[in-house]
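Structures are listed in the sections that come next.
Two complexes come next, and they have one chain in common, chain A, joined by chain B in the first and chain C in the second.
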Partner chain A sequence: MIRTPRASALAATVALLAAAACSDGGDDVPVGGEEAGSGGTFVAAISAQPDQLDPHQTTAYASFQVLENVYDTLVVPNPDDLTFEPSLATDWETSEDGLTWTFTLRDDVTFHDGSELDSADVVYTFRRIIDEELQNAYRFATVEDVRAPDPTTVEFVLSEPTPNLLDHVGSYKGVAILPEGAAEDLDLATEANGTGPFRLEDVGADGITLTAFEDYWGEGPGVDEVEFRFISEPTTALTALQTGEVHWTDNVPAQRVEELQGSGDVTVETVPSVDYWYMAVNFARPPFDRAEVREAIALALDREAIADAAQFGLARVNQTAIPEESFWYHDYAPYERDVDAARDLLAEAGVEDLTMGLMVTDEYPETVEVAQVIAANLEEVGITVDIQTEQFSTWLDRQGAGDFDAFLLGWLGNLDPYGYYHSQHVCEGENNYQGYCDPETDELLERAATEADEDARKELYDEAAERIVDANSYIYLYNPSVVQAWTDEVSGYELRPDRAINLETVTLS
Partner chain B sequence: MTRYLLRRVGQSVVVLFGVSVAVFSIIHLVPGDPVRLALGTRFDQRTYDALVARAGLDDPVLVQYVNWLGNALTGDLGVSFRSGRPVTELILERLPATLSLAFGAIVVALLIAVPLGLVSALRPRSAVDYVATFVSQAGISIPDFWLAIVAILVFSLTLGWLPSSGYVGLTEDPVEWARHLVLPAVVVGTVSGAVLTRFVRSSALEALGEDYTRTARAKGLPRRVVIGRHVLRNALVPVVTVTGIQLAYLLSGVVIVEVVFAWQGLGQLALQAVETRDYPLLQGAVLLFAVFFLVVNLVVDLLYAVVDPRISR
Partner chain C sequence: MTALDDTPAGPAEAGQVAAPDEAVGARGLLRALLRNRLAAAALVVLAIFVVVAVLGERLAPYGRNEVSSADKLRAPSLEHPFGTDQLGRDVLSRVLIGAEPSLRVGLVAVGIALVAGVVLGLVAGYYRGLVDDVVMRCMDVLFAFPAILLAIAVMAIRGRGATNAMIAIGVVYTPIFARVTRASVLTVREQVFVRAARSIGAGDLRIMTRHVLPNVAAPIIVQTSISLAFAILAEAALSFIGLGTQPPEPSWGRMLADGRGFIQDAWWMAVFPGLAIFAVVLSFNVTGDALRDALDPRQRSAIESAAGRG
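After this line comes the complex of A and B, so read on.
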């Protein structure tokens, strides 16, 4: 009685599987855009699923890959030199005393639901971030008030001059402009109402779909639909790219770049990013409190080998944080590998048989790779490195508790030197886990934070950076590259050093 | 039978309660601060405090547990504090993908194991037997992620027969659903099938040596009937148990294969919950896995009664 239906269900499944395996073998998986004359569907494979889509609450890069195309900010970084240019704001000026910034808004912007953008929306956005103490509230510590004197004007009233306010209101979509009341009207974790080129259509475990917004204020969009798929395994992502199942991916292992560039069936491009990776030692733990010991470590490192281990020749050695492309770059590289000098310094400090725990995390596999090279380098000067690979949660706990000799990590997505240097190196800095404290550096960083003149500000940061490098508060290692690949059908896409994935001008052939 | 069922369900509730206490205690004992993780590398005390309060993590652990239990009893598993979405919604969203893969893989596994195990039991120490033993040994030893990558490279990249990754809903497009399911189901099914083959072979061998088989042969029953009704049926009892365990295991997600095939199943969800210390999500997922095991065990026990009528007496 039971046997028959079970057997037939089984048979049916087998038949279905068999049919599926045999069906339209030669015909590749369709990618959309079949209808003639349409802009088509652009399919992007990103390496993780966004945790949520509230721009003010998420910290996940995957979320921002999507949000970049849905929302806008007052200003945006220019992809070439990463200075800020108009977006929702056409114009801005600073008062004589630097305490009032006035932004003029575009008057032709509509949200995806058809309502028009005005200054009340901007005020609502920044009040939400500040009052609810969301992710980016720290950026607005000097903001006393955000006012809307008329529908196209927004004023920021500051407690002290904040020359990097543009960075704070525009470096990425974490400070995206929402319509007034959005957090109350919508479930922003899965819904959106932005002003960007695409509207959020569907959010699911399998992917996220965006559709073109016809009333977008800028040019484009050039495709009808964008579909994000989440493929974390690089081999799978590249296969999907090569078979044409997806048009674009950033899940490209550095060791395969050369091979893919040579193969000619996909385009692979790289550009140095604004990110940097570094090692820090714990100033609270002797002998790492001694400047000679830290300098010995800095001198022992083979930085080229480290950069190679990290990204197969795509990373660029840098002894400061900021990459060459930036206006804020400062050419300062005092360390050249010198094993003997490093040994002498250690002897001078009376340090023998030093063992250094080096905390790394498999969340960022490159730290594990880099640690091997560092261990080999330091072995040569007589320091034994104990590599401690931790889960990122444990890693962060230990970092927060000061329970480490040394660690490796990176800072991602900074554009302004305040972001690069301030909270990491001022004595009371919230991200100064290494415990570096130098009154002169503090003064330089504090002055730079409020210096309105750009050139004077750069000089202050250059000087601070030199002190930080000399004291080895951070031992800066390299700037990695952004690596992305796409098929021949894609045109109009531009790789950006800040890793923003902007699909506004992309078209498919 | 009804009383038996009721007793089993009652026991299951106690087990679930125990699981929830255990999960709750363990995840709070495991190091790792979920709020610190949610903030990423940049730390800011005010934002941190606000997030702790929003996630309800400033309450004593016992209060958190009682709150959670009260809600769970009404079917509300809480809100994932990473995604800000209800846990139930996140789980339901991924359930179809996991069910498809688990059942697909079990079908493949049985298709491999039953014929292969039976044939090698009927001809022990023959060439067929050696081949079968070798194949199942290989199936157990080959890492599934390797098999998965090879399958993608061969069937998607080189031959272009099947899509490399992703899941399409059965209701959305049945043909695409099946096309996307084939590779992951075959990879997972091969590994499970290899395990099952050995069980089928050894229990069939055992049944072949039993007195009733000899009697059935002696009274002149056709070979087909002897094997079909006497040997296979008795050999199935342990196989049903192992298949059940395999199924429950597959339902709790096959993380690595899911990752390789970008298959958005429960395994990846649970893994993310662990990595981000998303307590509500992790609790919900583990509870669901416990339910899977209980239900599968119950079904297996009921199937025993069907396969072997003596048990239900």
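After this line comes the complex of A and C, so read on.
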């Protein structure tokens, strides 16, 4: 869900597994008590507090965990294969030249304040993102105009064919549809007026409460209320789940998963995610500008051990970015650990006594773990790794300023290969902090971005991916799994590879 | 905490001055310490600690960052007497190697506090007046912050790492040394031998270093031992929250933090580094108490009141 790197950054901040030392167990209010004739209160423990709730501005995963249930998008990724299916738009078509996309909207959708959804709201939404240059504006670089010929039709006029427009308008709630004038009428950081199954009721320091929206256009919701509580410590979150204090959490210590699955007192499910984690070295800093040195590093890594350190057997080694489950997966794994070959390459390059600073952040504790494995691996080929643990804000500043030898981080929630590869590897890409620049890769990526035929597009991306991997622009490491757990009372919940937490169809017994 | 601050030579301090020739010799001191069985045991622990810290890597059966994902989270066995951690590293080796950063940070931090605190306390106590007021009020300000909080604040300004941890802890413990020193100096400066030295024309510097300092050494030595315990604990605390010694360098505090998430599955990850911290800190404390008794039983109250912060 977090798309831009920086997003991934910030966002992530809050995100996943993490978070540092201090936490508390939340309060002890028992849950599920309100029998009053219906669905009850679903209590979810998430690991961090949303920074704000404006879907177009926040980049924090925690925010999207909440917003997923409050807002809708034109289209949504299907939970199984992540292809796009109708949501607020029932139908869409592309003109023959690929330059006009026409979306037909549902006519039975109301916002939480009772007003009806029409095409003006959609135009307002995308104008806001583009004109105010908000978080996702870069996705709409090819959009020349968004217009509303009638109340249920929206047209996107493009400067170039954009085959992945659906991804841009629907991959996550960062492109949620707001009612016209919402940004002026409401303080969107703390208020919401969406079309989703739940309305935002209360935003507090300990948690966020949502209540069921009775006029929701889709199925459900199946519970009266949803309460998100913030519990940053995984062991605390798990205890809260086991004692029945919460119904659901995604903050499960990876090392406990196997045991929990065996014990049967809670349901723990895992699914390979669409995220990937990687190491990048700074092409602007000798000797990392030399292909042999980068290749030596790639050959020295024990990728199985790295994946294992990251997520205890739940992460899967991948030498390209896109996971196996995806249509866009390309089976390409040229590196097999070879310490001698790595030493030879370093000798060939005339590199001795190399010390490599490796920037990590305890915002994502797995980067600190992985860095220690990498340090041990590279020591064997004669490279000393200086692990630099930084606060995430400092980390980002250093990344932005190019002040690093190497760093570890991940990209979360990508669906389309454009998101996986483009801005990270084109010469002028806004996320190309490592400084890789190869005209041929550029051309492949640019052509792929506008290629309408899916198979031809995949071939272009496959070719680009091979060049990227061969040059070690990113040294891809692994795809982690999504891990979530819930109690026996919960039914109708579905784990998703894109980490969206959709509670529309959840019921409690 | 400070009845001593502005009263020149009250009854509390009157007793704590030893005449120059009465100073306890090092050998006598050691003998006195060894008579106390608890202190003897503590000294043995500290001796082991120092030997381990010096030899560290040579004693360890495995390397400091020898990861092996096949061996992760192994329970204690002959091969790995303290078990292995989440990356398959030998916990025993890391506990042994982790002694060195603990000792180094402890010694350097206390060294900083000792030098800075004694100089400030000496100057303040000797000159009194405005110098005293300014110096000691600054020390009071530092003293007002909870120790670990102040250390974290210093680390936030200077950045992470063992070096900055030393500086942070050194700054935090400077006021204690300043106070202990000043309290003793206040009484010594009124003594006959000091006045005598001055009357034959000795300069301030000479009087301070040759006549005053040796006579305030006893409480400072005791304070040093006690502060070493605190400094090692502080280093562990800073490393626990990720600010002190940086991975992959083993440090007891960091190992404790890593072990916390695995306490249900791998108790050995946290227990052994925890025991190491416990043994060393307790030993320094016991030694400090014994030193105090040996040096001068009567000065107990003076040190306690000067060092009386949480």
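The rule is short, and it goes like this: the second predicted complex is superposed on the first by the 475 of 509 C-alpha atoms of A that agree within 3 Å, B and C clash if a C-alpha of one lies under 4 Å from a C-alpha of the other, contacts with A are read in each partner's own complex, and residues count from 1 in each chain.
Going forward, contacts are C-beta pairs under 8 Å (C-beta built on N, C-alpha and C of every residue); 3 or more make two chains touch, one makes a residue touch a chain.
On a predicted model such as this, the values are computed, not experimentally measured, just so you know.
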Is A:Gln135 touching the first partner chain B, the second partner chain C, both, or neither of them?
first
Of the two partner chains, chain B (first) and chain C (second), which one does A:Gly204 touch, if any: first, second, both, or neither?
first
Which holds for A:Phe392: it touches chain B only (first), chain C only (second), both, or neither?
first
By residue count, is chain A touched more by chain B or by chain C?
B
For A:Pro287, select first, second, both or neither according to whether it touches chain B, chain C, the two together, or no partner.
neither
A:Phe230 in the overlay: touching chain B, chain C, both, or neither? Say first, second, both or neither.
first
According to the stated criteria, A:Pro253 is in contact with first (chain B), second (chain C), both, or neither; which is it?
second
Overlap the chain B and chain C contact sets on chain A and report the shared residues.
20-21, 235
Write out the stretch or stretches of chain A touching chain C in their complex.
20-21, 234-235, 253, 255-256, 259, 302, 304-305, 308-309, 362, 368-369, 371-373, 375-376, 379, 387-390
Complex contact set, residues of chain A against chain B:
2, 10, 13-14, 16-17, 19-21, 23, 25-26, 28-29, 45, 49, 51-52, 54, 57, 59, 132-135, 137-138, 188-190, 204-207, 229-233, 235-237, 239-240, 242-243, 245, 363, 391-394, 396-397, 400, 409-412, 423, 430-431
Quick check: in the complex, which residue numbers of chain B touch chain A?
31-34, 36-47, 49-50, 82-85, 90, 93-94, 97, 104, 107-108, 110-111, 149, 152-153, 156-157, 159-169, 174-175, 178-179, 181-182, 185, 259-262, 264, 269, 272, 275-277, 306
Touching residues of chain C toward chain A in the complex: what are they?
65-69, 72-73, 86-87, 160, 240-242, 246-248, 257, 260-265
